[in-house]
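We just call them A, B and C in the order they show up, numbering each chain from 1.
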Amino acid sequence: MTDDSMEARRAVEAIVMVADEPVAPGLIAQLVEISIDRVEAVCARLAEEYRSEERGFELVRVAGGYCFRSHPDAESYVKRFVVSGQSARLSSAALETLAIVAYKQPLSRAQVSAIRGVNAEGAMRTLQQRGLVQEIGRDPGPGSARLFATTPAFLQRLGLDSVDELPPLVDFVPGAEVIEALEASLMADSRPNPIPEPEDGSSSPAPTHGPEDGSGGVVAV
Amino acid sequence: MTDDSMEARRAVEAIVMVADEPVAPGLIAQLVEISIDRVEAVCARLAEEYRSEERGFELVRVAGGYCFRSHPDAESYVKRFVVSGQSARLSSAALETLAIVAYKQPLSRAQVSAIRGVNAEGAMRTLQQRGLVQEIGRDPGPGSARLFATTPAFLQRLGLDSVDELPPLVDFVPGAEVIEALEASLMADSRPNPIPEPEDGSSSPAPTHGPEDGSGGVVAV
Amino acid sequence: MLEGRFEVRTEVFEGPFDLLLHLILREEVDLYEIRVGDIVDSYLAELDRMEHLNLEVATEFLLIAATLVHLKSSRLLPHSESLDIDEELALWSERDLLLARLLECQTFKAASAALERLAAAAGRSIPRKAGPDERYLNLVPDFLAGVGPEDVKAAFLRATAVRPIPRVDVTHVSDIPVSVDEVAADLIGRLPAMGTVVFRDLTEDLHTEIEVVVYFLAVLELYKRGMLEVSQAASFGSIAITWDSDARYCEPLAGVDAYDG
């Protein structure tokens, strides 16, 4: 491969055009005989060109590779045209289960169930059938439970390059006022309390698990 | 669709980008709600733009429709990519066509196209070239169309002794009266009723899943 | 603030802890003061506002109600003077555990909403999956790599699925109704590996009753064909479905009426 950036550019466009799934930059680099950094730079420039030319397609990085896809603005035109590949909506039970797997992976079915508070077998099965979750191995610990993680199809469905791009879970922790309200409600207790009351007679006596550390420690990923 | 040529241009680019085989101008015209002449004009202009920008892909008219293809100048890179084994094996269009031949054989090209809903000439040619489908004779009826079937190589590759070993499909037409009875029964029970009936000894109070009419008897075996 | 977040909608009531959270916050319920019966009453009132009955929610509620009763009773029972400090701490940690689970549940519920937004945004674009054109096909090393008999069947079902007629002004495509043949095909694919399965589990992720009807019809038909065995211990009881491993049926699905409800 020469240093001619025009040739690299054309090669990248051609390869991604004939691919049927995202092409890893490492593979492109190998095929075009340029560095991965060059590949990234070329792709960034191409994506910018398509944007500024207001093309009906875009070059995006999804699930660890580059691919062409239709521009979101053309949604109404392509949606009727393409039927296969459209995925049905997930139930909110399945979505919550998926969120747990996405943020806590790898983990076992039992761990998912423990977080959801209900049996998650059915939802996990649905997610596996839809190719969004897969078994990736066995827990090395006792019991060697099967461990699950999200798939590349999950990333593609969400338009993410990797799970690192998921919004931080801490953003979703309920606000302090919610936590306080919950805690007050759970802690309120009319019965004589054998544990020494704090001096101020607070209704929220939990000494070792106050709202501050309770919220942080419990939901931390 | 507005007269805004930018929107038409984007729509055409988007549709052709997500298509897995050439899209007839008539279909594009329908989807974008512009005349076929407009479609031809837009495509000609797009093709010219890609040429002058020295893109790695081109918009070409083949087999009666428009499609994106890698530019011939990038052929060596595309070949490397295809040989690397990371690219498409059988395209989904070709696989669907192959499946139709497998389950419906023997049949004519026109019958395949009718089932697929789109022209299947290209896919059939590909499958013949790859030795997965072959011509096995002529339809004895009027027109004496050429008939196609899968090859022994196809079966061998799938590890099957005969096409009878393909996974069974199912043929099913529900009786209208069954549907009506079920529907009526479900509608009647759809209002909230969370408390199990006391006289019903069952631990699973599932009124929405247990039709009470004749059809219910079918499952109560 | 809380009003907006916990606005009553059917989907809000999917998890027991979420329900509890809702009841506590929305109605300012003091769980240790209120009678459990009152909680049940308010729960039933909420159920009335739901669009349709969700049995899973109902049973989940029983679970949480039982937890509450347990917690409450352990508070109210007279304690011996010599209460073990470990026991007392256990009671504390029980409450903390409940709080922790409520918060964790709420966190993932919010996260799942974020995932849904991401998916909706990404779903506006369709990826190109065309693959190499004919010129390069003879180079493909293994044309049928990764393709097995089941893939051929799936491809056939895709190819024969009812396709929409091309036309513009698409309001929404997410509401594709299931057809009996799709469901039957799906069941034929899934059931052999599942052993005995309860009908309700098969349909737990469905949204509408008409979808459940379609599933039920598909099961009925497969039963009629002798492809599976069905049993129901009591009327309105669970319907157990067992695949009949010897079953074979080769007629294609094409031309089947699609029941679109």
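As a convention for this text, a contact is a pair of C-beta atoms (placed from the backbone, for glycine too) under 8 Å apart; a residue touches a chain by one contact, two chains touch by 3 or more.
All figures in this text were calculated on a predicted structure; none of them were measured in a lab.
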Arrangement of touching chains [line / ring / star / complete / other]: complete
Per Cα centroids, the chain farthest from chain C: B
For chain A paired with chain C, centre-to-centre distance based on mean C-alpha positions, whole Å: 20
CA centroid of chain B to CA centroid of chain C, Å: 27
Sites on chain B at which at least two other chains make contact: 14, 17-19, 27, 31-32, 68-70, 78, 81-82, 87-88, 91-92
Junction residues of chain C, two or more chains touched: 126-133, 136, 158, 163, 166-168
Chain A to chain B touching residues, read off their complex: 6, 9-15, 17-20, 23, 27, 31-32, 49, 53-57, 68-71, 73-74, 77-78, 80-82, 84
Complex contacts: residues of chain C adjacent to chain A: 1-2, 11, 14-17, 21, 24-25, 28-33, 56, 60, 63, 75-76, 79, 83, 88, 92-93, 95-96, 98-116, 118-119, 121-133, 136, 158, 161, 163-164, 166-170, 173-174, 176, 190, 201, 204-207
Residues of chain B touching chain C in the complex: 1, 14, 17-21, 27, 30-33, 67-70, 75, 78-79, 81-83, 85, 87-92, 95-100, 102-104, 115-117, 122, 125-126, 129-130, 132, 154, 157-160, 164-174, 178-179, 182-183, 186-187, 190-195, 200-212, 215-216, 218-221
Contact set on chain C toward chain B in their complex: 44, 47-48, 50, 52-53, 55, 58, 61, 126-160, 163, 166-168, 180-181, 184-185, 188-189, 199-200, 203, 209-210, 212-213, 216-225, 227, 229-239, 247-254, 256-257, 259
